[in-house]
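Order of writing sets the chain letters: A, B, C, D, E and F. Residues in each chain are counted from 1.
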Amino acid sequence: MKGVLEPRFRQRIGYQAGLLGGFAAMAAALLMMGNLGTSDSIAQRQQEDLVASLTQVIPTALYDESLLSNNLVITSSEGSATTVYRAVRNGQVTAVAYEVSGAGYAGEIRLLLGVDAGGKTLGVRVISHAETPGLGDKIELAKDDWILDFNGRSLDNPDDAGWHVRKDGGIFDQFSGATITPRAVVAAVHEGLRYFRVHSGEMLARIPDPATNAVTGG
Amino acid sequence: MKLFRIRGGVHPEDRKHLAADQPIIDLPLPPLLHIPVQQHIGAAAQPAVQRGQHVHMGELLATSQGAISAPVHAPTSGRIMGIGNYPAHHPSGLSVRTITLQPDGEDRWSDKLTPCDDPFALEPAEVAARVAAAGIVGMGGATFPSAVKLNLRERYKLHTLVINGAECEPYLTCDDRLMREQAMEVIDGIRIMAHALGVERIIVAIENNKPDALRAMQHAATAFDMLTVTGIPTRYPMGSEKHMVQALTGLETPARALTADIGIVVHNVATAYAVHQALRFGWPLVARVVTVSGGAVARPANLRVRIGTPVSHLIDYCGGTDEATARLISGGPMMGQPLPSTRVPVVKGSNGVLALTAAEIASREPSPCIRCASCVSACPCGLVPLEMAARARAGDLDGTVKIGLMDCVACGSCSYVCPSSIPLVQYFNYAKGELAARQRSKHKQMETKRLATQRSARIEEQKRKKREAMAQRKRKDATAAREAVAEESGA
Amino acid sequence: MAGVYRRIITDGLWSNNVVFAQLLALCPLLAVTGTATNGLGMGLATTFVMMLSGFAVSIFRSIVTAEVRIPVFVLIIATIVTLVDMSMNAWVHDLHKVLGLFIPLIVTNCAILGRAEAFASKKPIALAVLDGLMMGLGFTLALVILGAVREILASATLFSNASLLLGRHFAFLEQQLIADYRGFLLVALPPGGFLALGFLLAAKRVLDTRLARRAERRTAPDAPTMAGAG
Amino acid sequence: MTELTTIAGPHAHEHNHVTRIMLLVMLALAPATLFGMVLFGWPAVLLFAVTVVTAVLAEVVCLAIAGRPVKRTLFDGSALLTGWLLAMTLPPWAPWWIGVVGALLAIVVAKQVFGGIGQNLFNPAMVARVALLISFPVEMTTFVQAAGLAGNAPGFTDAIAITFGGAAQPDAFSSATVLGHLRTELTRGGDVAGALSGHFDPWALLLGNTAGSMGETSALLILLGGLWLIYKRVISWHIPLSMLLALAALATVFHLIDPGRYAGPVYHVVSGAALLGAFFIATDLVTSPVTPRGQLLFGAGCGLLVYVIRTWTNYPEGVAFAVMLMNACTPLIDHYIKPRIYGRTRRGEPLSYPDASGDDA
Amino acid sequence: MGEYLLLLLATVLVNNVVLVKFLGLCPFMGVSSKIDSALGMGFATTFVLTLAAVASWLLERFLLQPLELGYLRILTFILVIAAVVQFTEMAVRKLAPALYQVLGIFLPLITTNCAVLGVALLNVQEDHSFIDSMLYGLGSALGFTLVMVLFAGLRERLALASVPRAFTGTPIAFITAGLLSLAFMGFSGLA
Amino acid sequence: MHELEMLSALFSLTTLGLVLGALLGLAARHLKVEGSALEAEIEALLPGSQCGQCGFPGCGPAATALASGGAPVTLCPPGGRALAEELADKLGVTVDLAGVEDKPVLVAFVHESLCIGCTKCFKRCPTDAIVGGPKMIHAVFADACTGCEQCFEVCPTECIEMRAVQPTTQTWYWPKPAANDIDDGRGIAA
């Protein structure tokens, strides 16, 4: 920038390298300290977030141990892994929660599904979706309580024919003008319950697993 | 004859019926003739007569200046009333140097004329020289000195002479009448020009809406093998030389080049007639046929008019115009220029005087361009007029050049069809003029820059000299002093 | 000297506003202005980073050479942003949840580097910090206005979720303007962001010319020769 | 006299002007519009009126604010035509405010802020349609079965309730468009043949006996109107032809590859707004290229995009999007595709001189 | 092969960096008044963006992940990007001075073209493979170039239009960008 | 564990910095661009009559000021609008040229009856546009006069008049059509 005014040594490559290197070192040092000071509490906050969402689909009454301390990873035959969070009261698995997903109008809809030991739905919450605001987004609890309709449902309640939106002959309401979204959610929950039936053995059997027990939290 | 397709063009209502059946009449002399010294493209001629001098018809009034110029001759015998500024035959309303002649009514030809019995015996250069001396300029509208074009054989390998009898502008019938009434003379002029050019082929092209002229010319040409007279489709601007050449031969003249580059020269029928008169009788160009027409003219006519006759004289002869006159135009409605007043004189390039009514003009308030692309399909030059106009309007003149402004022949087809009545041609005229003005001022800037550096160099030089002189004097003084000291010490 | 400060303040807030005048920092501007609250949060975080980076760049301005200037400045900014990100995540976690996505974006907010280059690298520390503050506040202003306009048009609310960002005491900011508004979705979507900003800029232009004309009218009587200078 | 000299030539003009062009287009649209009104009854008439009136009023207000000559500009008829075309693409029973908001979007946002007629970059009616579709998908995708001819159309009072009162549309009437139906069925895993059996009758589509907007239902009348416009030289044949050809060609290719997933060319050409788009919308003079070759490219682009959008995106109908996308390409097309200038090569260099000796031979 | 094409198409059209992801808007508005400069900027960005996507993937894979240095991600990425840009700037200045004049201050600003860092970070977030990362970078850059050039064409026409004074310049440019973005919504769901 | 991680962080980032810095330094050396050609280019564009109407002592300093951004592109009256456009293009700035009207071109004209042959004007004219000698009537060669008015200012008898150059039929051209085809909407509040 300054051309002629710059002292000679500044034009040396060593100076440039040193300068950038020095700043990089300084930055690294600063960030390291930052990381040191914050990493623990960040990890803790993240767990709190997870617990907060889990408690939405698993009532507090159902557990006396941390919801995070009894995780189970189920790997399907195709190799996809599902993390199952388990509520344990008095040493018994009383409920589980895991993620299910369906293909909505504009991409994947991810849901968290809570199921009690008897295979009854405790609650369903949307984790993420890309449905049209004002149309497909009524699946969010903040917008509409449609999602609460799943509470207490199970594979027998209703029967297979009932696990559809009304338009397709089922018992669940669709939204006016947007059938694809509720259709996808109903199908996803239905599928999730079947998944529970298939894997209930693994899920309900409590196999102490020290690795996943490592973290504890409020 | 096989014809080729040309792009674009329009079919304006030709309205030639107004004057087409009026034979050419000699217009009586007006009380005063105003003869501008510049009626052609190139340098203005230099007056060669004095005030008060008496001149004969055909006598030289002003001599041509330089390579591209044309002399001016007395259209009749009479006395020079003065040489001064007079309103020009030009839309600007500006005045130009004009020689005023008071006819003496005798119409006596000068005795210095040099008729020639056999022009074909003359050297081509001699033919051209006589045409130059006769002050003949292109009568098809461009007013380019014809002799310059006749000399093109020196630089180009020419093979064809095309005679432009298209007269594609609506209303105009002067060429039509000339061909019908004086076909033999026109053909003679054409052959003389062909002789001067040394071409082996001549094509006379006449638009199909002039069947009588076509027949007359074909009849007159039967004796001459090298001469083909052909009808061409009626479509404006068929008369534009580059397009006519393309329609006749299929050859396209390269941009920024002359038709001569492809071996072809184009002349107008009226020019041929003038050449005939100049060579056979030694008559310089002192009169021409003018069509007076338009809905506002009482009796449309084709008049043979002395150069310098005021336009008002023509109009009065035709019974005057009625109050419905919306516009007074020199030339045809497509490419003609509006005239600032009827005082201006007829010049060598005037082929028509039109008084049009508002209904004939059919112009409306301009409105925004709707990009209908009519102008694009109408343009015979393959330009995009709407964009050139938009750029000119936004001040992006370089942009207009980049997309072809300099290839525009100002034919007006685009404005003619524009449903938004946008004055496209005026935008182009403005842009061309503004660019030329910038070029001039840039040229001047370069010139002044050169002058300024010259001057500072000179001043620097003077200063240096002065310094040197001073230094020398000082040195001299110093040596003198030293010598004095040495002498002293030596003493 | 006071003039200099005044100048920096008016420049930053209005006449050389990052968004309205310099047309920088457009990405976060359009990306986060779904609601006024998001705009406010992003604006405040950016302001903080701008001040700090102005400070740091100004300190080191004399030892940096042209060749490595940009990498060094970027390094400084990135460090500050990462630190801010970490601290917010650790200590004001709720706020971080709202803004988390946008904070790394601050690094590439061209306005910050732009100011570092154009101002902080040439000026003493105090001025650089003030400039950072004012530019940041000007940016915040733009964010909040655009956010508010889009939020109102899209859903007839204003400052929704403000209490999440600012705490419960600011719940009063949250307004539902029209009871059962159907919602004009377009404004909330990307095209609406562009459109709203376009109309805002036009409105600013009208406002500016009005102000200028008024100023002109006021000065005109006593200083007729100055007419037109306003 | 002095005033005369300021006008350059030419001093003659063709008797053609903007108002005449717009009137001819409206004339060409009129049969299809009237037929649509008969099909869909009073609600369609009311919506049409509301849209057109709003468009014209918006134009007046904008012109007045901008200080332009209101009378002269308004009477060019373009605002009326924009409102008209917009109304043709709306669900005929949509509530009044759809028409109002649409007309405002078209005239204010898509046209007047750009400077009014001729200055806009995007087709105003299509901007409005797309913006409405995105903002109000429910209203914009609720169609009714063409019913007027069957005699059980709502009376005038019912119509007022439907258009202005927000009365729910009787379910008995509501129906999906053919395109929407196919899309839904394909999403549910059905195949083309199954989805279209009983739903797709090209003759019904041509004659208009189907659900859709007014511009979609009377394909035959639209086609005739468009051909008449070509005959009257208001539009050139390049855009309609290349658009329909491109659409049909793509449909044919994919239909041959997998008839189960891809519907055939007849389906694509006669259903939806393909014909309206090809003859009346893509041909909008202002927003399409000015050279014939550019227009061919533009039309082909429209056809391609219509097919792509109908087949692989979230939207069952893509004419409006395709036209807008190609509008965006128009300046580039005009920039790169220009007529060849007389005496120059396509690249703008002067032609090279033909060898003079060659001519002698 | 097909899926790569799909990824490329999706990044160019559906998730267009500028119109949908809101990245790289400053150069988008700044260097788009002429078609030629838009093309130049597009190419410069394409070069930098693709290079940066590749470099950052390598960094992430071979430095940050093995050493668990996630918190240095922004820092290292931006450092590499800045260096690539600075290098490009010097090279363009030396090798194509005309282009340099056109691109003016925007070459250094590619550093802060959020698209570059944004794409690098998104690559990490989406856990892209090496090829995917490269294609994602390339696709984003092509999408950027595409809309830049389209937009430049539109703006060249705007420059000749008689836009009301309140809207001339940037306001109408934003409105145009809005309509362009509206048109691009037609691609949603594709791929 | 922690120490190792910290060291590796420090080390890797520092190395990265060092390497990149060195690369940039190398690049800067090998891709160096020689001096500012801009100033020379700008000076070449300026009229070069050193008339000083711009407020700078001549075209050279004016070019310096322009190159450094210290002067508006509209500074040079003789250059007029065309020059301003060219400069704006060169410098990559946009200017509103609406205000820069080309003023009518003026040239000096010496009233012969009043000229006393003092040669003051002759000495001042930067382009040698004035011809004449001591005690002789001076005349202006209009084609070389830039209209800088320097002679006008020094003439003791005020015999020099600045006259607008009149168009001729050769230099006249059609005016730009009045913009009434498209009212620019300038009536809007702005």
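The rule is simple: a residue touches a chain if its C-beta (ideal position, glycine included) is under 8 Å from a C-beta of that chain, and two chains touch if they have at least 3 such contacts.
Keep in mind the model is a prediction, meaning the values are calculated, not measured.
> So which chain is the furthest away from chain F, centre to centre on CA atoms?
So the farthest one, by centre of C-alpha atoms, is A.
> Most contacts: which chain pair?
B-D
> Roughly how many whole angstrom separate the Cα centroids of chain A and chain E?
32
> So what's the Cα centroid distance for chain B and chain D, whole Å?
The computed centroid separation for chain B versus chain D comes out at 50 Å.
> Can you work out the whole-Å distance between the CA centroids of chain D and chain F?
Centre separation, chain D to chain F: 51 Å.
> At least two other chains touched by the same residue of chain F: list those residues.
9, 12-13, 16-17, 20-21, 24-25, 27-28, 174-175, 182-186, 188-190
> Find every residue in chain D that makes contact with two or more other chains and list them.
Correct list: 8, 66, 109, 113, 115-116, 118-119, 131, 134, 314.
> At least two partner chains per residue is the criterion; list those residues in chain E.
Within chain E, the residues that touch at least two other chains are 71-72, 75, 79, 83, 86, 162-167, 171-172, 175-176, 179, 182, 185, 188-189.
> Considering only the defined contacts, which chain D positions touch chain C in the complex?
Result: residues 109, 113, 131, 134-136 of chain D touch chain C.
> Tell me, which parts of chain A touch chain F in their complex?
For this pair, the touching residues of chain A are 11-25, 27-29, 31-32, 36.
> Which bits of chain A are touching chain E when the two form their complex?
Touch list, chain A to chain E: 24, 27-28, 31, 34-35, 106.
> Which part of chain F faces chain B closely enough to touch in the complex?
Contacts found on chain F: 47-50, 78-80, 82, 85, 97, 105, 126-129, 143-144, 146, 167-169, 171-177, 179-182.
> Quick check: in the complex, which residue numbers of chain E touch chain B?
159-160, 162
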